Amino acid sequence: MSLVDLAAVSFAYGRGRSVLDGVDLRIEAGRNLGIVGESGSGKTTILRLMLGLARPTAGRIAFRGEPLDPGNRPFMRGFRRAVQAVFQDPYSSLDPRQKVADIIAEPLRSLKVETDVDAAVAGALASVDLPPDTAGRYPHEFSGGQRQRIAIARAIVSRPDLVLADEVVSALDLTTRIRIVDLLKTLSEKTTLVLVSHDIGFVALLCHDLVILEKGRIVEQGPARDILSAPRHPYTRRLLASTPRLADFA
Amino acid sequence: ADGGPDAVINIGSLYEPQNLDNTAGAGQGINEAFNGNVYEALFRLDDDGKVSPSLVKDYKVSDDGLTYTFTLQPGVTFHSGDPLTSADVKWSIERVTSADSKSSRKNSLKPIAAIETPDDATVVVKLSSRSISLPYNLSYVWVINDAAKDLQSAEDGTGPYALDGWQRGAQLAIKRFDKYWGPKPENGEVVFKYFTEATALNNALLTGAVDVITSVQSPDSLAQFKDNPDFTVAEGKSTTKLLLAYNDRVAPFDNVKVRKALARAVDDKKLLEAVWGDYGTLIGSFVPPTDPWYVDLTKVDAYDPESAKALLAEAGYPDGFTFTIDTPNYDPHPLAAQFLQGELAKVGVKVNINVITANEWYTKIYKAHDFQATLQEHVNHRDIVFYGNPDFYWGYDNPKVTELIKASEEAATVDEQTEKLKEANIQIAEDAASNWLYLYPQIVVSKTSVTGYPLNGLNSQFFSYGIKKAD
Amino acid sequence: MLAYVVRRTAILLVSVLIAAAVLFLLLRLLPGDPANALVSVGADADQIEAARRQVGSDLPIAAQFVRYLGQLGRFDLGASFVSGVPVLEEIGRRLTLTLPLTALAFLSAVLLALPLGILAAVKRDRWYGGLISIVSQFGVAVPVFWIGILLVTAFAVKLRLFPSSGFPPSGWRDPLTALHQLALPILTIALVMSASLIRYVRSATLDVIGSDYLRTARALGAGYGEALVRHGIRNGAVPVISILGIELASTLLGAVVVERVFSLPGLGSMLLSGIEQRDYPSVQGVLFVSTLLVLLVGFAADLTQRLVDPRLRGPSGARS
Amino acid sequence: MTDAAPALAPPASRRLTPAFLVGAALVGLHVAVGLLTLVWTPYDPAAMTGGRLAPPSLLHWAGTDRLGRDLFTEIMIGARIALAVGSGAVAIAAAIGVTVGLLAAFASRAVDDVLAATLDILIAFPTLLLAMLIVAAGDGANLGTAILAIGIAASAIVARLTRILARRVLAMDYITAARVSGTSWLGIVRIHVLPNIWPTLIVNFALQFGLAVIAEASLSYLGLGAPPPNASWGRLLQEAQATVYTAPFGAIAPGIALVSLVIGLNLFADGLRDVADPTRRRR
Amino acid sequence: MGDLLTIDDLSIRHAGRPLVSGVSLSVTAGERLGLIGESGSGKSLTALAAIGLLPEGMTASGSVRLAGREVIGAADRDVVGLRGTAVATIFQEPLTALDPLMRIGDQIAEVARRRARRDGRSLSRAGVAAEVTALMARVALPDPARLSRAYPHEMSGGQRQRAAIAMALACRPRLLIADEPTTALDVTTQAEVLKLLETLVREENMGLLFISHDLPVVGAAVDRVVVLRAGEMVEEGTVAEVFGRPRHPYTIGLVEAARAFDRAIGAAL
């Protein structure tokens, strides 16, 4: 059974024009999905819908076959535990007033997961390669890359089945980026990832399947290997051509 | 500035009238500006406290004292040009005595049973009972043209001045009325300038913006005028008494010993000094020296804290008691309340101070009698009669006094009236009906070049026609 | 923008209505009887009852409220209980003093605060930049009436440069005399107000100084002063304008106190005597009009802010 | 292995500036004096120990008032009253303002508009006038009503600020993260919003504190403030006005006390802002 | 003709802490130099020091010669004349780098007018308008008539960055400093901006100092690179040398990382 299903989903902010238009999408457990598109194409909006933070203006979203209903409390509790997220800006995604330990433990506390919180936090920190003493410090003491690790630790502490990541590396420099990629690769052995980015190179490193989004519509969809080797849509081709490669110069 | 017979006299005052009708809550400011200046009455209360004829040329009283026949001054015209007739007088008196009148004088004119006007120059007033102070009481009743309209913001009187303009919140100007029947005023125009702050008022005199200030509110501001040859400081006699009125109906103030004890416990002299420095007068009762029935009663219950304690013990309060003074929120009441608090503490009586607004004073104390004791100033001349009314807010009820006061009004002669009121006065003091703290001083300060103003300001009047300004 | 103006106007109208209702209820639900102002010591029970009938305080509150709303609908604020004068007329007369007083004080404060605030920011390392900041600290901490009394003592009583109080009865027909008479009151309000404005202007200027666009302008050849003038003034104005709206409320308030210090026949003294007398129509009228004025100014400030700042204009331009 | 932590400069503004220390010292002094008066004053405040309006002397450091009471004692007690007025008003303003501000921050557009209109009115009702209205109409002026009025008036400003600050926090990704983590709105307020807006609010409270003290003084000047026997500085100033020529010190000393407390609070607030404002930590 | 920019042993300190130390580099006409390094390595500070606009509280030592004039230690009024003529700068974040309250056309016009004034040319109002239109066309901004009346927030990120470049071009500088001009853009827009810069520099024979942390991007834009790490230079050479045969371990790490992304796409190709 698929994890998440989007069927003919459309969305508009307020009474504005629609930013998503008839999106059909399926996330299979164990197959990482990349969503690629230019700025403003609707990538973040899709993630917000999949997280239940906004409701589609048309179409249906289902999690493990059950409709995603923010009003259904027991369902949402299970859903929140199973689906977590990491955001683009490493600075605004961590509460500056909370200790790292509390930040990471928040899902456990809020979802009332019955477990040894300290041990779970220590475990999460270990899996993102941060030293244990990190727990007692505050976010401002860390670099962008370290913050992204903390955010990832928060996302995996409840052992979710699905982690949605929105542009998690675009704010980081190259060397830091590659380390995060390594980390995500390790993680994807346990959970399924949905990665959103305008950088096809980054997504290609981790994802089995790709979705190409242009102005709120899916223009191409399929296994990453196929799309990268034989892009059919001109928009996909343009994206690929725009990505600079070191090989061109050295 | 330009002096001489057409001079403009600027008078600084703290009491702006609320409207121009002295029967409709206009406040004391209207008497200051209008009494004797714009409006005249049948009689006039002179600055020295004597009642003399004004618009009345002559009058006769019947032997039973129940019929007064007034002959009016001839040739009197209102500012509008209408001649004064007896109908105007009748109309003016009935304005005060009518059923819906809100005038504070209504009660004092109650004996009037009928007013007749046999001709234009004669007014006959019939009384239901003798009223020796009728002429005095009529001195409050403005004679107004019976055709006048909108008395709250306009006037039509017979006085030496006519209203020239009123900027609410700022000033009120009255101008010499050229067709005045009596002697011509010594100046051309008088402008009352109103201030909300005593300091601002003093500054205005210092800087020459006003020529006279009608009543100085604190002795300390006098220092700057006293030793300055440019200014004259004159002290007159006032009728304003500060008192601590008890609610004589309720314990422990229904006990005369307690009242006497508290009177002895307070060093009035020290209070007067604190508030007024070297000015002001101590009084032993409610009657100021300008009232004809004044007696020096300052020795009655004079300051003596030891005997106060003894009296308290006698009255059954050896350890004192606690009570609350309701205090109006404006000077000097809060200060006086604090002083009383300190003084009474020394004889073991604890005082709580409750500060209230003037408005609330009426609701809580005057109407509802819901209080133990209150500080209040009573400004009027000849107001001892309040002690003859057991329903008055302070609830003093001595049948002997009630009777004396009633009889005094029905006296055949002024001497008899005076005798009776003297007796009442002494009884009230002996009963320590209230605690009379002191009599305010009446201080007028002017530029040295300005002379001829009244000093005593009885009933807040300020006759302006005699004021001269040197060139 | 149009949609915004419509929405903002709707908010304004709702505000005005709420203000009217709140004012009415506040006054009636608290103790005190306006009839008391009409009686004096010596009045008997009948007379007090007559006074109550005259001012309408014998009616139930609901009936009084209906009457009041009816009046408001006719742009009628009623007549004063004590003087009988229509309140609107009296307010109109008093506004000819209070409005110019407030406006001139406001203007002087802005004219004083802009250069000083900018100077304090730009030259914050110099002694005079620091001095401006310190002096403005004092200005914020001193009560209005104290400054007023100080100015009177110095400039009116000692130096005799200005009158100590009052306003000429001729009003503005002789503008120079009127101005001369109002100089000290204006200065008093302006000093206090500019003190807090200086602080806002200073911090707005500091924001501009640290901005990227200023750096861009300089990187492309603009001198420091030029860049500051061209880009700083408008950008600095945006936060300051919204503060001005609020500050004006406190200026009107300062005007009340200052009118007391200088015995000026303005709205403030009308309010104070109205309160003393429980003259509800007057108090209600003054508070209503002053609230309306401040609301209007807030409205104007919001619109101006949108005119200056295009970012706020769009349909999605959420209020800050 | 960890990423190279960019050596974050300790934010320069975290240093305690001399201005902050001066402010803290002034506020501390007033608090100490205020507390001291609870147990000790140089004289009994009601005792008429000196002559009328005595000038400052060794016995009476600030002279005496018209009743011959020690002015220095009254000024000391004034500190206590100022602190009571300030903290009382701020407590009321905080309770009302923060609640309304948070509601407005979370509210939907329509509700927010109504709340915004209400706040506009509260701001448009000038603080002092509102206070006067309540005090004048109230059942006898007392310190409590004055505090209540000033507090209600200040609550509008606090509500407005809270709304802006809370909106800013609510736009942060960590709020989205918290929602994704299943944290309830109440939890978000408690765990994220309040702790993040608190420092700025505290700074504003310090400023409001000073404004409340000034407002009380102005009310007293108009005869509508704390009634006697509360020796509020405003009342001392107002009373001293009448004697300013004979005893100028009586008008100056309470003024100095008042100004020093308010300046102290402002300096303290400015310094606090630099120390506590989290937004200043990031460049 | 000398170098446009010569930096010799530049050090920058703040509150006693060294942020940049011993950086030397130079750019001549027609030359394109890249400055790379991870976040916080001092790239931007070096650029700011070059135009004399270091943030307050920072002190620079060493030598920076801009068009032959010493910048370090010079008074601001002596450097103002160089900025906007000898050198123009584009910054990373186009939204904050543009005045939010001024129309784009006016912002470009302001720079053009100043440049004309400095040249002693007098420009009519129509002349300015024509120049603005021309500049907007140069940077391929669509519909110049409409966009010149737009405010920054009404434009897309790519459009804003083009506008910023147009402003820089209005200076007709001999040296262009571009501090991470594409970091805030998505890949397609980035590619367009890079192409535009390349063309402009070639056609005008400008010198270019290009700053980025993204190796492939730098490679696309410049001929030579300088590698910074924690404020110090670790490597310098042509793009081919440094990216082809990196010597310093730090550079090796960077190049490896870039290759990994290449492979991800390339493997599929």
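A, B, C, D and E label the chains in the order they appear, each numbered from 1.
Keep this in mind: a contact is a pair of C-beta atoms (placed from the backbone, for glycine too) under 8 Å apart; a residue touches a chain by one contact, two chains touch by 3 or more.
Predicted model, so just to flag it, every value in this text is computed and none were measured.
**Student:** Please identify which chain has its centre, taken as the mean of its CA atoms, farthest from the centre of chain A.
**Tutor:** B
**Student:** Does C-D or C-E have the larger number of C-beta pairs in contact?
**Tutor:** Per the contact counts, C-D leads.
**Student:** Whole-Å distance, chain A centre to chain B centre, using C-alpha means?
**Tutor:** The answer is 88 Å.
**Student:** Between chain B and chain D, what's the gap in Å when you average each chain's C-alpha atoms?
**Tutor:** Going by mean C-alpha positions, chain B sits 45 Å from chain D.
**Student:** So, what's the distance in Å between the C-alpha centres of chain C and chain B?
**Tutor:** That pair's centroid distance is 40 Å.
**Student:** So the centre of each chain is just the mean of its C-alpha atoms; given that, what is the distance between chain D and chain E in Å?
**Tutor:** 49
**Student:** If a residue has to touch 2 or more other chains to count, which residues of chain A qualify?
**Tutor:** 143-144, 176
**Student:** Residue numbers in chain C touching 2 or more other chains?
**Tutor:** Residues 31-32, 149, 260, 272, 276 of chain C touch two or more partner chains.
**Student:** Could you say which residues in chain B touch two or more other chains, in rising order?
**Tutor:** 197, 199, 357, 360
**Student:** Per the contact definition, I'd like the list of chain E residues that touch chain C in the complex.
**Tutor:** 51, 53, 76-77, 80-81, 83-85, 88-89, 91, 93, 96-102, 110-111, 114-115, 118, 151, 153-154, 164, 167-168, 170-171
**Student:** Hey, which residues of chain C end up touching chain B in the complex?
**Tutor:** So the residues of chain C touching chain B come out as 31-33, 36-48, 50-51, 54, 82-85, 90, 93-94, 149, 152, 156-157, 160, 163-167, 169, 260-266, 269-270, 272-273, 276-278.
**Student:** Note which residues of chain D are touching chain A in the complex, please.
**Tutor:** 1-6, 8, 172-174, 176-184, 187, 191-192, 195-196, 278, 281-282
**Student:** Please give the residue numbers of chain C that touch chain E in the complex, ascending.
**Tutor:** 211-213, 215-224, 230-231, 234-235, 238, 308-311, 314
**Student:** Where on chain A does chain E make contact in their complex?
**Tutor:** 38-40, 143-144, 172-178, 181, 198-202, 204-205, 224-225, 228-229, 238-250
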